[in-house]
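Structure, as structure tokens:
Chain lettering (A, B, C and D) follows the sequence in which the chains are written, and residue indices restart at 1 in each chain.
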Amino acid sequence: MPLPPEFHEIAKRVNNWGRWGEADEIGTLNLITDDVVRDAAATVRTGRRVPLALPLQQDGVQTGIVPGRVNPLHTMTQINYEMFGPGTVAISDDAVTMGLQAATHWDALTHVSHSGVIYNGRPADTVTAHAGARFSGIDKAPYIVSRGVLLDVARAKGLDRLPADHAVSPEDLDEAAEFGRVTVAPGDIVLVRTGQVQVFLAGDRQGYGFPSPGLSVHTPEWFHAHGVAAVANDTLTFEIIPPEIEGLWLPVHALHLVEMGMIQGQNWNLEKLSTACAQEKRHAFLLSAMPEPFIGGTGTPVAPVAVF
Amino acid sequence: MPLPPEFHEIAKRVNNWGRWGEADEIGTLNLITDDVVRDAAATVRTGRRVPLALPLQQDGVQTGIVPGRVNPLHTMTQINYEMFGPGTVAISDDAVTMGLQAATHWDALTHVSHSGVIYNGRPADTVTAHAGARFSGIDKAPYIVSRGVLLDVARAKGLDRLPADHAVSPEDLDEAAEFGRVTVAPGDIVLVRTGQVQVFLAGDRQGYGFPSPGLSVHTPEWFHAHGVAAVANDTLTFEIIPPEIEGLWLPVHALHLVEMGMIQGQNWNLEKLSTACAQEKRHAFLLSAMPEPFIGGTGTPVAPVAVF
Amino acid sequence: MPLPPEFHEIAKRVNNWGRWGEADEIGTLNLITDDVVRDAAATVRTGRRVPLALPLQQDGVQTGIVPGRVNPLHTMTQINYEMFGPGTVAISDDAVTMGLQAATHWDALTHVSHSGVIYNGRPADTVTAHAGARFSGIDKAPYIVSRGVLLDVARAKGLDRLPADHAVSPEDLDEAAEFGRVTVAPGDIVLVRTGQVQVFLAGDRQGYGFPSPGLSVHTPEWFHAHGVAAVANDTLTFEIIPPEIEGLWLPVHALHLVEMGMIQGQNWNLEKLSTACAQEKRHAFLLSAMPEPFIGGTGTPVAPVAVF
Amino acid sequence: MPLPPEFHEIAKRVNNWGRWGEADEIGTLNLITDDVVRDAAATVRTGRRVPLALPLQQDGVQTGIVPGRVNPLHTMTQINYEMFGPGTVAISDDAVTMGLQAATHWDALTHVSHSGVIYNGRPADTVTAHAGARFSGIDKAPYIVSRGVLLDVARAKGLDRLPADHAVSPEDLDEAAEFGRVTVAPGDIVLVRTGQVQVFLAGDRQGYGFPSPGLSVHTPEWFHAHGVAAVANDTLTFEIIPPEIEGLWLPVHALHLVEMGMIQGQNWNLEKLSTACAQEKRHAFLLSAMPEPFIGGTGTPVAPVAVF
């Protein structure tokens, strides 16, 4: 079953292949220029910091829906071990096994493919077991610092959180921008708040993931038009699930990652950020969201921080 | 063999227990106030970003010296997997097993203990196999953004890198600060460059770790006097190894983590930062170095970025 | 809350500390003498083999009840990788992360402690994070081959499987031995079938683990009296759960592992064995159930096989 | 560079595709019939057991030569944890991350491919990241119990161990069989001793792996002619390395696994077995070497035991 015509029509409109050259591996991150970063730093007025990562723990957001995407298993390899003899300084060390997309994370551009290709038209089979992603791995995106903009869709609608069947539309994004009195500009990292992460925070791990509100298949064009560098939200699936068009699973993933070359983030905890934006009366801030540079990684845990 | 009197004398002079209350779990990170962060952001002039993390890879800096501290094993759990049927959007996912202190990392305050205690006088046995660090785990330090200062000890001396037997002294730190025309102030995160990471970058994994230049047992007092919030450098062991005082292993770890409650970072790649500071003609910048919030973690990988 | 008097009374009756010397680390495995093994081999008449391990897979019996006991995460580290150049022999390699007690397994004697001690009266704190079990680790039990005896409690009662609240009693064991026309003898490995594993095989992972039939606190005396070398069954918890005596959790574990020094196995699939015994008209066979020799391991996956 | 004609000539002579039907996934394990097992059990006379696995430990035989094939990282997930409250029975649990081929192991038939195919002519791309080996995974070989025969090539030559450049030839196998006064018969599992594992046992991990004696490209025909069911030895690479024919890497792997459909084992410790055979004056015994049933596994750790 090939992808339907609707998909390909949108794909044509948002496609960025070749835009930054044939050798490009980072897509819309090219939009984060030094000037953008300088201006983002200039938005800082109080120094207030808001971290956006969920805790990394065995009891995390994964429930087995995605095979192999395991919650972090954190183990101590040494506990107060007097390695150099009795009475000496003692060491505690630890290790972890986890899915790179298990908790708060960035998808690398290689996280999905369609029709046998990844971003910039490269063959999908350049992702291999022994080397991971040869092109556009997360290690190729070594710094992600820019202006962050919260589009608080739930709060703009006066809701704690969106209903599970709500597909966030371009109109919702406009409404939230207006609510936040902010204009999305080239190089911005947009954070879209649905409030869905509250379901997880309240202890319902199954309910958090499915069904879930999320981005509509029509939003990539909005992000494309605004020159957005990256998008993250507070859901497991990023886009609405089950999908809007029957049988068309993960179209937003394919449009963002493959067609636009725009990385995206999931499971970001935007609750405290929502409060902070309301209190600070602005929805733009300096955002640092550095990928861990896994060679060939198709994703990465990230511990983002907003600075006001 | 108890720790020698010299250790306890220094310990008394730098001890911060109770300084931020009995309940405190983050020590000198308290020195990073909103004002410090605001001023740090104000140092940004060009938007130039320099990432400081080594790549995460199986062929990393660990060589088996520290048992259980394994280099990252990155594996693909799915490769272009058409989970929803033939022709649908295909998914690539990955997982990792790694020591939390394996590559570029922060030590949590609980990474070492001595005499049965950790920071703020708590019993060391509050670190357990099932829960990790109950107090002062890395999850308690949710945001680390501040002014970063590079003390380029190697370059200040006109050297590519310090000799393996060079213990970085307080005088070296003063010299490097003067060289960089920078004054270390309360809340700063100090990065001390020895150049030792070049050994690893040149392919000599064994030679990188041992023997190695590193901080002298006399530097904690310097950091204490200047109100430093955290320190990182470009070596495996952080402090000089083998140690200055025979039989006194890891005294700097014990002074920083246990006595001062100051986290420290290792295996930071400061080579490009050294070049950038020379080019930008300043050695202070905005530094974001967010811990991944592992619940109970005694360390964390970190992907720091300096913004000029 | 200390363990109740009932526990200590039974403990006194089954205690084997010192029975095989103060240095002993393997307990009742001492009962498997060469003669026992020779006689066990002599029971083989047809060469029919029945494997008893559940498949090792991500979708295994663990559901998160025991923190850190993760189902196997099997990943490919290489897939048809032409390591030596195009057209050469290609390699596929894999790795796993799993709890040692995750699936079909043996508990080592150190898997539990009570009152601060492990088998043979050693201090429990000889189990450490950096070295695992210094004494009585699973590596100390390098071969487990003996006569296996199936006590098919469910079939003896004419049931597919025992009800969830059924504590297998000594009388049940006698009944099953009579049903199988078998006499349990010193050095035997006894397999107790409840039929509970059918719940897992039918897809109900939650229902399999809790509540569950299992061994009664009164069975250790029966095993002790018969000179049994090891016991395994087809449940997650081994003993009845919730327990018979309120607040006394895992008494059978403590009696077997700590007091008797008798290892025990869980999650063994005894369904095909039940059929085979019925068809072969005998309930004794050669059993090979070799531990994987994890140094310091407190458990091990095992792939047992019965040979008729 | 395609495989040379010599390879294809031998391949033609030993090929077993279709021999046990098109649906077959286990190859020469079909030769282990119930009768073979019955007769193998009948060889047991004393009940003496000899385990053949190397310890599973971080300091194992892997040195990084094969990327991703990591030594076991054994960690405690709980240590004497009083899960049910103070004074209750306390639990110690552990987990492991390891390459399935890291220590003493079996290669599954899918461990290598050549020319795009695996055993029985199936396409090699049936091995995938999300499912592992769809055909001929190690889970398809659920029981491996048979007569074991030690061909003690080193001892037959009066050597402690073979020189590193010694390719074990068919004549060597004949010589060792004669030395052991044993005739290899259909269904046997042959263990070929070179003595090379002594290098590892003496602490030289690098020297153990490379260079190494091992099987010659001419031995598969010998195994084929004798109806051998499986072969294992005491080296890292199984076959001589560097290889006999320049540029032809791993020909024995390809002949055994792909052409013959015969699994093979590496890193078996045959030292104590050699002594036992000499003492017992026979080189045939009952061998149990059960794979751990990893679904889709291309290898498995194994803890073999010989019973005399």
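Note that a contact is a pair of C-beta atoms (placed from the backbone, for glycine too) under 8 Å apart; a residue touches a chain by one contact, two chains touch by 3 or more.
None of these values were measured; they are calculated from a predicted model.
Chains touching both chain B and chain C: A, D.
Between chain B and chain D, the centres computed from C-alpha atoms are 44 Å apart. Each chain gets one centre point, the mean of its Cα atoms, and the points for chain C and chain D are 26 Å apart.
Counting partner chains per residue, chain B has residues 67-68, 70, 73, 75-79, 83, 92, 95, 97, 128-130 touching two or more of them. Chain-to-chain contact here is organised exhaustively, every possible pair of chains being in touch.
Taken together, the chain B residues at the contact with chain D in this complex read 58-59, 64, 67-68, 70, 73, 75-79, 81, 83, 92, 97, 128-130. Residues 1-3, 33-42, 44-51, 53-57, 66-70, 72, 74-80, 83-101, 110-115, 124-125, 127-129, 132-133, 139, 142-143, 145, 247, 249-251, 253-254, 286, 288, 290-299, 301, 303-305, 307 of chain D are the ones touching chain C in the complex.
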